[in-house]
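Next come two complexes built around chain A: one with chain B, the other with chain C.
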Partner chain A sequence: MIGQWRYWRLKTKLLFLTLFTSALGISLVCISLIFVENQNYRKQLESELHVIGGILAEQSAAALIFDDKEQLSSIISSLRRIDNIRQVCIYNSQGSIMAALESEDVRTCPELEPAPETGFAKNAYRMMMPITLDQETVGQLFLTSHLEVLRKHIRTFVLITAFVGIGILLVLFILAIKLQKIVSGPIVTLSDTAERIARDHDYTVRAPVSGPDELGRLGNTFNEMIGTIEEQNRRILESRDSLEREVDARTSELSMANRELEAFSYSVSHDLRQPLRAIEGFGQALEEDCGEQLDDAGKDYLRRIRNASVRMANLIDGLLILSRVSRQSMEKEPVDLTALLQEIADELLEIGDTLPTEINIQPAMQVIGDSRMLRVAFQNLLENAWKYSAKGEKRKIDVSAVTRNGSIEIAVKDNGVGFDMRYIDKLFVAFNRLHTPSEFSGTGIGLATVYRVVRRHRGQISATSEVGKGAHFVVTLPVSGKQR
Partner chain B sequence: MRDHLKFFFFLVINLCLILPVSGSIRSEHEVKAAFLYNFTRLVTWPNLGKTASPLEICVYGADPFGGLLDPIRGRQSQGRNLTLRYSDVTSDLSGCDVLYIDQSLTRGLQSLLDLANERNILTVSDLPDFARKGGMIGYVKQGNVIRFEINLKAADEAGLIINSRLLELAVEVMR
Partner chain C sequence: MDSRSILVVEDNPDDQVLMVRALNSASSTTPVVVLEDGEETLKFLFDKDGKATKNVESLGVVLLDVKLPKVSGLEVLRHLRSSPATQWLPVIMVTSSDEPADLMDAYRLGANSFITKPINYREFVDQMTVLARYWLQVNKVPDCGSVRSF
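Let's look at the complex of A and B:
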């Protein structure tokens, strides 16, 4: 029952507590009343029997000294009318029985030697009294009373107390039902109000609880808190609205600026190609048609002009690609990365190089993404690896992948010159080069493009290296094609 | 062992024989003597100013008790020491509180009773119809049992108060 206690309703708890306490109190009172009554009744019985015994002793003294058994019998036979007296024995001074009054169920009068037990026994009261005449003991009186009357009385008393107790408890029960509402009513109202507010998110509701006591204060505090919440909610909503408006405005401004920038860079790169082609074309024509008229210095200048124009064309191509991977819409599809990398590697090997080369590509690598963009990215990575490992005795490139925590990590390792980790910040930023053009040719756009592609695939790229010991790029791409 | 058993049986048999004899069958005079003592305990004398004075029992005429009354000397009744006197002259009765008149007296009973009446003396006798003749307590024999009659009127006239408990025990009370 106690285990269920916390699931009980507050009303029931209050009622139970009230009734339990009252029942306990009433029981204690009843028990003590019964106890006291029992004691009192015993005392009363004892004193009554002593009075009876005294009278009897006084009456029988004379008859006793005259050995008048008839008279003694007649004296004690008058006690027959007293119900609870069971046995009366009169002994003379020698201790022999002179007269006896016995009911059927009781054994004969006890011997005086040894003295019979007196006082309250299991279901009888025994009393021994000397019979005296002029302070001289002339005999003994032995009297036994059964306690049936006492038991009956106590039984009746217990019954009455039980009835009265139950009656009081019933009255208290009714009273408690009425009165517990005073306490539980406001709490229930408060709890209902809180539940309604939690359910409907309606913070305009107030609990109808008030008063100077704790419950009233609780109600007032609750209402104040709800008021505060309502006020704060209103403010939050207001500031959220204004924030949203601001964000919208900023976003549109930003996207417009971005679009303008991209259009500008595209058109700039595109429009720059026209004059460059003219320079290159006419440069070639000049070399072929008027080559003999130029001296060696003139030929050297012309060659430099043509080399510069080729570098610029590469730069513009790079910029165009970067612009494209930024602007192009993406298509998500499964891509066989192993096949893609193998193609790129084959192309690189076809270009030819005197250096012995070893390219290891892990088989069966699958990613999800835009195949054209991924090709651009991995082409850049592999070309870099190829390029920066050109100065050793042997070129070695490893591509491997592991799947971890819902994403695939593709590692590209080479045994090239590597880079200084101090400049890692600048690695993926466009137009930043960690090596001089005389060491390695390049535009400084490749890794920026890779970075852009990876970011558009919602992936990440990181690089570690040590100068002279090769570079280690790790591209992390989400395995599922879902846009986060 | 056997000796012990024998002794035990002997003892038991003896006890069985002796106890009833000493318990119930007392001689007539023994009973009368005991009664006489008992009477003194249930009668109140009027001239009881000085409690310390002894209560004197006088036996008039021949002594029927044959010394059975002697143990009464030195006993107490209502706080008074008992004394015993044997006498056969009327003039010698001064100071008596109880007068026992023997059966042998035939003449002069009335004058004796008058004297006793004057002097607040309780008169007891086993003369037949003693109470009816003006005595106060007279023994009667009913079968084997000794009982007594009381003449309450005579006692009243002598100023003696007889305890009602004693009256209850009397075979007859004359008022």
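Let's look at the complex of A and C:
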């Protein structure tokens, strides 16, 4: 029960404390009263017996001198009428028993040598008294009294004190119930108020204040705190509102800028291509229709013009894809990555070169993401793997995935020329290339696009390589598609 | 050979020349009509009351640039699809970009096909050859009226 003390209500605790201390006090008082009463009663008994003994000694002194046993017996037999006397023995100066009064439980008078124990024993009080005549000891008186009366008296006293104590405790109990409300009442009110505020988040509520004591001060402090919270809430709401307004303004600015950017990239895609198409188209027409009239140098220049226009077109395409994966809204869905990669690989194998090629794609790879963007990203990665492994004797590309810590890690490995890890910083930056155009053609936009796609999926990309030993790209995507 | 003509609506003079060249190299006998913008095209196809002109009858296929001055290609397509006389006329939208939004809009408005102007005109000629043959074949069906009544 005491183990549950912490869970008791405050009222109960106060009541318990009051009653417990009162009961303890009352018990201590009762116990000391009983102790004092016991002592007093014993002293009284002792002195009574001494008086009786004294009278008896006086009466029996003469008879003892004359060895008158009959007289002695009649003297002590008068003591039978006193209830608590159990045994009386009279000895002469030689120590022989001259007369004895005996009850059922005590029959034999003790010898005088050695002297019998006197004073209070467990159930009796024993007393030795000299019988004197003219200051001369003529014999001894031995007297035993039982303590039945004492015990009865103390028992009665204990009962009375217990009754009185319980009575007082009852009165205290009723008083404590009334009085604890004075202390616990304000605290309970305060606690209820605090609970209500916490539940309803209504900071306009105030606790009633009881008075100038600590509880009153607590109530005041509590109210001040609630006031501060109310004020702070108001300020937070105000600043939130102004922030929201600002965010709205920014958002509309941003979406306007985004629309402008979209219009810009749309017109780039249309208008930048048009002159290129003319250059390439008329270049082709020139080659086909008037090729005969050009010498070798002229044909070479024409070829260079047409190649440049194709490169320019590729650049524009790359930039358009990069800008599209940056601004397009994401539509996340489960994507069968294995099928997607297989499609890309099949396209590569179909249009690719004659180099013996082995492409291993781990089956049943699943990710969550925007399938169009993921296609762009993995197309770039596979095309890179293809392109940079074109100069060996056999091409080998491996794509595998492991799930780890709530992410899927997709590794794309090739056995191509690789790159120098010193330039890893430039790898994913647009227009940075780690190979010259004469080694490998390219726009320098592909990996920047991959990086952008992966970042938009809240993923990461890393690459390791060693020159001549192939490259190893790892794309880490979160398995759960909940984040946006 | 079929006498139905191909209508090319293209604002850029370079592209006009290149497209006509590509079409001619695919089928040298098919007449090609070239118009420069949407407004002119609508005037060519419809009279003041919105009825189809005689020009429509000789058309086999329309190559319509998405981006045109004044009235856009998509707008022209919408007009074509809302008039009973031109409802079933094959229309191939031509664009210089492969913006998915353009493509979606074009198909939603009822374009029959969609081609991106490639940088390499050889590809364009190949695409045109395939498409032109296909649509000229389709339009050879003698009783065009019954097709339209579907």
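FYI, the second predicted complex is superposed on the first by the 343 of 484 C-alpha atoms of A that agree within 3 Å, B and C clash if a C-alpha of one lies under 4 Å from a C-alpha of the other, contacts with A are read in each partner's own complex, and residues count from 1 in each chain.
Here, a residue touches a chain if its C-beta (ideal position, glycine included) is under 8 Å from a C-beta of that chain, and two chains touch if they have at least 3 such contacts.
Everything numeric here is computed off the predicted structure, so don't read it as measured data.
A.B. asks: Have a look at where A:D414 lands relative to chain B and chain C in the superposition and call it first, second, both or neither.
C.D. replies: neither
A.B. asks: First (chain B), second (chain C), both or neither: which does A:D68 touch?
C.D. replies: It touches chain B, and chain C stays clear.
A.B. asks: Going by the contact rule set out at the top, does A:D370 touch chain B (first), chain C (second), both, or neither?
C.D. replies: Once the two structures are laid over each other on A, A:D370 reaches no partner at all.
A.B. asks: Applying the touch criterion given at the start, work out whether A:Q284 contacts chain B, chain C, both or neither, answering first, second, both or neither.
C.D. replies: second
A.B. asks: Which chain, chain B or chain C, ends up touching more residues of chain A in the combined arrangement?
C.D. replies: The partner with more contacted residues on chain A is C.
A.B. asks: Classify the contacts of A:Q274 with the two partner chains as first (chain B alone), second (chain C alone), both, or neither.
C.D. replies: second
A.B. asks: A:A313 contacts which: chain B (first), chain C (second), both, neither?
C.D. replies: Only chain C; A:A313 stays clear of chain B.
A.B. asks: Could you tell me which stretches of chain A are touched by chain B in one complex and by chain C in the other?
C.D. replies: On chain A, no residue contacts both chain B in one structure and chain C in the other.
A.B. asks: Which part of chain B faces chain A closely enough to touch in the complex?
C.D. replies: Interface residues on the chain B side: 23, 35, 38, 41-42, 76-79, 163, 165-166, 168-169.
A.B. asks: If we count contacts the way the header does, which residues on chain A are in touch with chain C in the complex?
C.D. replies: So the residues of chain A in touch with chain C come to 266, 269-270, 273-278, 280-282, 284-285, 309-310, 313, 320.
A.B. asks: Per the contact definition, I'd like the list of chain C residues that touch chain A in the complex.
C.D. replies: 12, 14-15, 18, 21, 67, 95-99, 117-122
A.B. asks: Going by the contact rule at the top, pick out the chain A residues touching chain B in the complex.
C.D. replies: It comes out as residues 59, 61-63, 65-66, 68, 71, 94, 96, 133-134.
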